[in-house]
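There are two complexes below, and they share chain A, which is joined by chain B in the first and by chain C in the second.
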Partner chain A sequence: MFDPYYLQQLAIGLSLGMTYALMAIGFTLIFGVLNVVNFAHGEIYTLGAFAGLVLISATAPPIVAVILGALAIGALAGFSLERLAFKPFRRFTDEASLKSRAMRESTLLSSLAVSIVVREALEIVFGSQMRSIPFEYLINTPVRVGPVILVTGDFIIFGVAAAMLIGLQYLLTRTRVGLAIRAVSNNPLGAKYVGIDTDRTIITTFVVGSMMGAAAGILMGLYYGAVFPAMGFTPGIKAFVAMVMGGLSSIPGAVICALILGISESMATTFVSSGWSDMVAYGFLILTLIFFPNGLFGARRERV
Partner chain B sequence: MKLRLLTLTTLAVAGIAGSAFAADTVKLGYQLPLTGDTAQYGQDFRKAAEIALTEFNAAGKPFKVEIVFEDSRSDAKEGTNIARKFVDDKEIVGVLGDFTSGVSMAAAQVYKEAGMPQLSQTASHPDYTKISKYQFRNIATQAQEGPYNAKWMASKGLKTVAVIAEQTDWGQSVVSGFSDAVKADGGKVVFSEFFNRGLKDYRSLISKLERAKPDAIYTGFFYEDGAQFLKQLHQLGVKTPVYSTSAAYSPKLIELAGEAAEGMHLTSNFLPTDPSPNVQHFVEEWKKRSDGAVPGQFPAQAYDAVRIMLAAVEKAQPNPTREKVRDALAQTKDFPGVTGKTSFSADREAEKELVKVEVKGGAFVPVKD
Partner chain C sequence: MNAFETVAPAGHAGRRRGWLVPALILLLVFAALPALLAGFDRGYFYQIANLALIFVLLSASMHLVTGVAGLLHLGHAAFYGVGAYTAALLTSKLGLGFTVTLPLSGLVAALVAFLVALPTMRLVSIYFAVATLAIGQMLYLVMLNWVDFTKGPNGIIVTRGFELFGFSLSGRIATYYTVAAVVTLSVVAISRLSHSYYGNALRSIREDDQCADAMGVRTVRLKMEAFTLSAFFAGVAGSLWAHMTGYISPGDFKFSESILILAMVVVGGLGSLPGAIIGALLLILLPEGLRGLGDFRNIMVGLVMFLSILLLPKGLLGEVSALRLVRRQLGAAWRHTGDGERKGEGIGWR
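Right, the complex of A and B next:
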């Protein structure tokens, strides 16, 4: 008889992986697919969670309105982030600058700077304490499925992640906007020459990706019941690992790798001390980089 | 020659005048995390220190005290840098902090060399006060709390215990302080593991822990990790009783965990509901500065630590030096603080009275057994 203990661990791993995937989807859209180095996604996630928290404590609206509010803040944050940290580096439109990798990669620092400013600002405004979300909003009522216990949030997160994944795949492969995004990521200069409005494409991608980041943030806030300024850091790292493992440009790849990460972490807890389970993520990252430099699901492409 | 003598005299006079001026304001250093992962604690300590300092300076003493706050971000390297900075500032006669045992101990090496008295409100690692005669603390150590809790659990007939604690110097002292005492009382530790601070999901760990079928779970965590742990324990339907140290004693724990915190047992040396005027005064001041929130045990310890240090500075008057402040600190006896009466033992440990507390009906309630 199969030990229900392992089934429970598997379920926990899947639900953990799903939370990583939720973050990884928006992250991969901007960082991987659009090919723009962006380290401020974790703060978008935090902003989404705080937007939800503020809405809840101010007006106590229904949960759908909370999520819509977070999405609006996410869109605004994505737009402003692009304006602040990315647009200034596209000021020069000559061929040399457009081709310059240094120009492209300098957003590593500018986005990191924005992320630090946002985090510290949140700390000044809200304090660094963990803030609780009223219990009636939380999505962690236990649900028993056979020998396994999950919570309602696991199903909601699964639904949202699946919807995001399918929606994005549709957008990227079947629509003109998706075509434009892929064109800009592949060759910004070429895209410009054939008449694609690169600025607009980039802004659109940032807005869509950041809305997903903000949605992930508020969902995680409702799932774990705690919101605090530093909350975006760990999920950001996990999403980064999932994205690199998945081959950077592949959103389904990132999702699958996020699930693999979650399951391996929870399974690893059985055999090694929980203190070491974080090592699994970094171990996978190193192994992937050594043996599959293009990721497990990535296409061959020159990379940052 | 004459000119040189004159210059020297002038310099000497200026020097005396300078030190006479310095005697009017005494400087203390406070190293604490004001940003980063543990900023919430440091911010609270600063608030507590400001309450204590404002009261002290308003009391019409012949001298004023100034506290220099420096942000260590709970980083040992940063903590050591601050320690050097404080040591180099000749006007600073005593230092408070740091928050974590790890950083306090790293900084203590600098203070030991320089002969600077250091009083931490929270560093509870057993080795901290062993560093030199300059290290003091205002918190019960795990060497004190562990056996106390082990006896408590043994008296409730809980024989097999699972122990989990955060992976830090402090967490290790929780496990060792408790486990040895359990064995001495005839109990058994059936599971023992460390987790990383800030872990989000404890469900894997909980499932693993429950496989050992313990009578009770003893935990070494702070309120953030504690709240997540309790909530997920509740989610998984685990009914095993949970015991914890005074580190988890914070109103935030109940706020974050809600009904999942019900029935949790822990120890404490500060009860905001204590009717004594001393405690009520502090609670009122705190509420005024924190939108009506009630202080937890750590801010209370910080408040007392600052007042103990201020009392020592006052005792070391006139012209307090680092050595005089250290000696005055060492003589602290029955200091009437909000965390009970504090005396320093010969090895500079605060002898604290612990209270048994249980979470009942969404509040910390003192219990007899």
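Right, the complex of A and C next:
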């Protein structure tokens, strides 16, 4: 029969995958609206985790407040990121420069530059070493479910992520804001012509996406109990891989691929040392790009 | 460090003045700087000078693929690492000297680049960037985790410094001259490559690869060649680094190094070789000059990159901006001379 060990790895993989999914949604939303990749998304994750740490060490609030605080910081960070690294490059609104590759790459590089600045600033303020979350906040109290030992964190991550996914679905399909987001990502120029405030919609998208990224950051911080300035890099890459695998603009695709990534990664640690397990994500990425250039769930695109 | 005379489509820029700038730069690199270094005679200054030269070569090799061919390459440091590890392993396991490891490092890096390029070179724009990022990270993981072969995070001590046919060049001045000579030769080679018909074919890929393809330019093959060539020069730089410092570890070749090299090319101006060189010097020497700021050095790199993208979107000496200018002028001319009814629409120029 099944070794309970594998079920346990599966649960860890699902938690991991859920946080990747939260981040991947941020990537996907922003890519959908602006057609650019936000390289500073990993730093939003880090900022969320650090916001939680500061809140915990300052006032020791209940865990719900910690998560809400991280969400608020995430929203703020998303707003300022958009203003700093993306807005200045939308000066030109004619169609040619909207399509221009140089414009797209300059925002890619500017978000990269902002991410360097944020990471280094965090290193100056908090030091580059790992900072541990106080013990009573760790969400790793064991819970026995049949033959498997889970931790409370698995349930909390799953619950928060599911709540945010449902909330996102509601936002996107049932509200005017969501309608505007979908309109802009479908056709920015057309959305502008019918009177949608594209600028405000883009900000909203950044805020929503960054809140999800920050939530992933604080949840993972509480789960592993360690927070450090470079922590956002690896999950950022993984979430990016999930987005590409899911087909760049498909949210369900990104979520499913993030779960696949999380599970295969935690399963891989059974067979190889944990150092090599990152290889899984990169291998998936290369294979997807070669064999399914449109992503596993994406719509057809003209060129890849 | 030289051959500025061939900047872009110079053509009529004057043959008379052509030799002056390179001669001055050669004089600076091979006479003035060593004299200055010898005057101060501090190992630290030699170290900085060598480091700056190595990054000039890295930036120049990245210029070939990112600046000229317009491919966003996010894994360049990994090929630099492949070169350095080749040199270090050949030296420590087989006892080979610098004269053998230098070309071999370049060739091994180029071979690895060629192999990874085979399946991925058909990708365009952001997909290409992502693929190079993944390739770079995979190579980094191999350096970090294949402990039996690469000694993992402990790194490798390189026992032999520079030498030429058994003649040791490991003194401070000799090391500097070796690095300077190799870097200068490589930069001249890159300059000749990028300012030739070959370079123009690469530029056509940057401007519009579909159009270039339709005109009969073999885009996939050219992209692969540019990628492999740039990996070759990165491997050469890696070999220089390994023999110069005598110790390498995976930390020297991680993603942030790729970004640093990319920042050099971007700050200097995409598509301009002098720009790439100045960008490298700026981003290596500026943090050293700002040592007084202590921890703020690395933030400066990010800030310089951000501000240069914001304020000088085409970099210090970008040739793309020049092209855009010409295009805008021509576009306007085209429009005004168009036939009456279609005035203002513009044909072909976007």
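Note that the second predicted complex is superposed on the first by the 286 of 304 C-alpha atoms of A that agree within 3 Å, B and C clash if a C-alpha of one lies under 4 Å from a C-alpha of the other, contacts with A are read in each partner's own complex, and residues count from 1 in each chain.
Simple rule for what comes next: a residue touches a chain if its C-beta (ideal position, glycine included) is under 8 Å from a C-beta of that chain, and two chains touch if they have at least 3 such contacts.
Everything numeric in this text was worked out from a predicted model, so none of it was measured.
Partners chain B and chain C, once the complexes are superposed on chain A, run into each other and clash. Once the two complexes are overlaid on the shared chain, A:Ile12 sits against chain B while remaining clear of chain C.
Legend: residue contacts after superposition of the two complexes on their common chain; A:Ala60 is shown touching neither chain B nor chain C. Residue contacts after overlaying the shared chain place A:Asp278 against chain B and chain C alike. In the superposition on chain A, A:Ser266 contacts chain B only, with no contact to chain C.
When the two complexes are overlaid on their common chain A, residue A:Ile166 makes contact with neither chain B nor chain C. In the superposition on chain A, A:Leu289 makes contact with chain C only, while chain B stays out of contact range. In the overlay built on the shared chain, the residue A:Ala226 is in contact with chain B alone; chain C does not reach it.
Touch criterion met: A:Glu120 reaches chain B and chain C at once. More residues of chain A lie in contact with C than with the other chain of the pair chain B and chain C. Under the contact criterion defined above, the residues of chain A that touch both chain B in one complex and chain C in the other are 120, 123, 273, 275, 278. Chain contact summary for the complex, chain C toward chain A: residues 70, 72, 119-120, 123-127, 129-131, 133-135, 137-138, 141, 144-145, 210, 255-256, 259, 262-263, 266, 295-296, 298-299, 301-303, 305-306, 309-310, 313, 320, 350. Contacts from chain A toward chain B in the complex involve residues 5, 8-9, 12-13, 16, 120, 123, 127-130, 132, 135, 140, 142, 149, 151, 224-226, 228, 230, 234, 265-266, 269-270, 273-275, 277-278.
By the touch criterion given at the top, residues 37, 85, 88-89, 96, 101-102, 104-106, 108-110, 112-117, 120-121, 123-124, 233, 237, 240-241, 244, 273, 275-276, 278-279, 282-283, 285-286, 289-290, 293, 303-304 of chain A touch chain C in their complex. Residues of chain B touching chain A in their complex: 35-37, 39-40, 43, 167, 193-196, 198-201, 203-205, 207-208, 211, 223-224, 227-228, 231, 235-237, 252, 255-256, 258-259.
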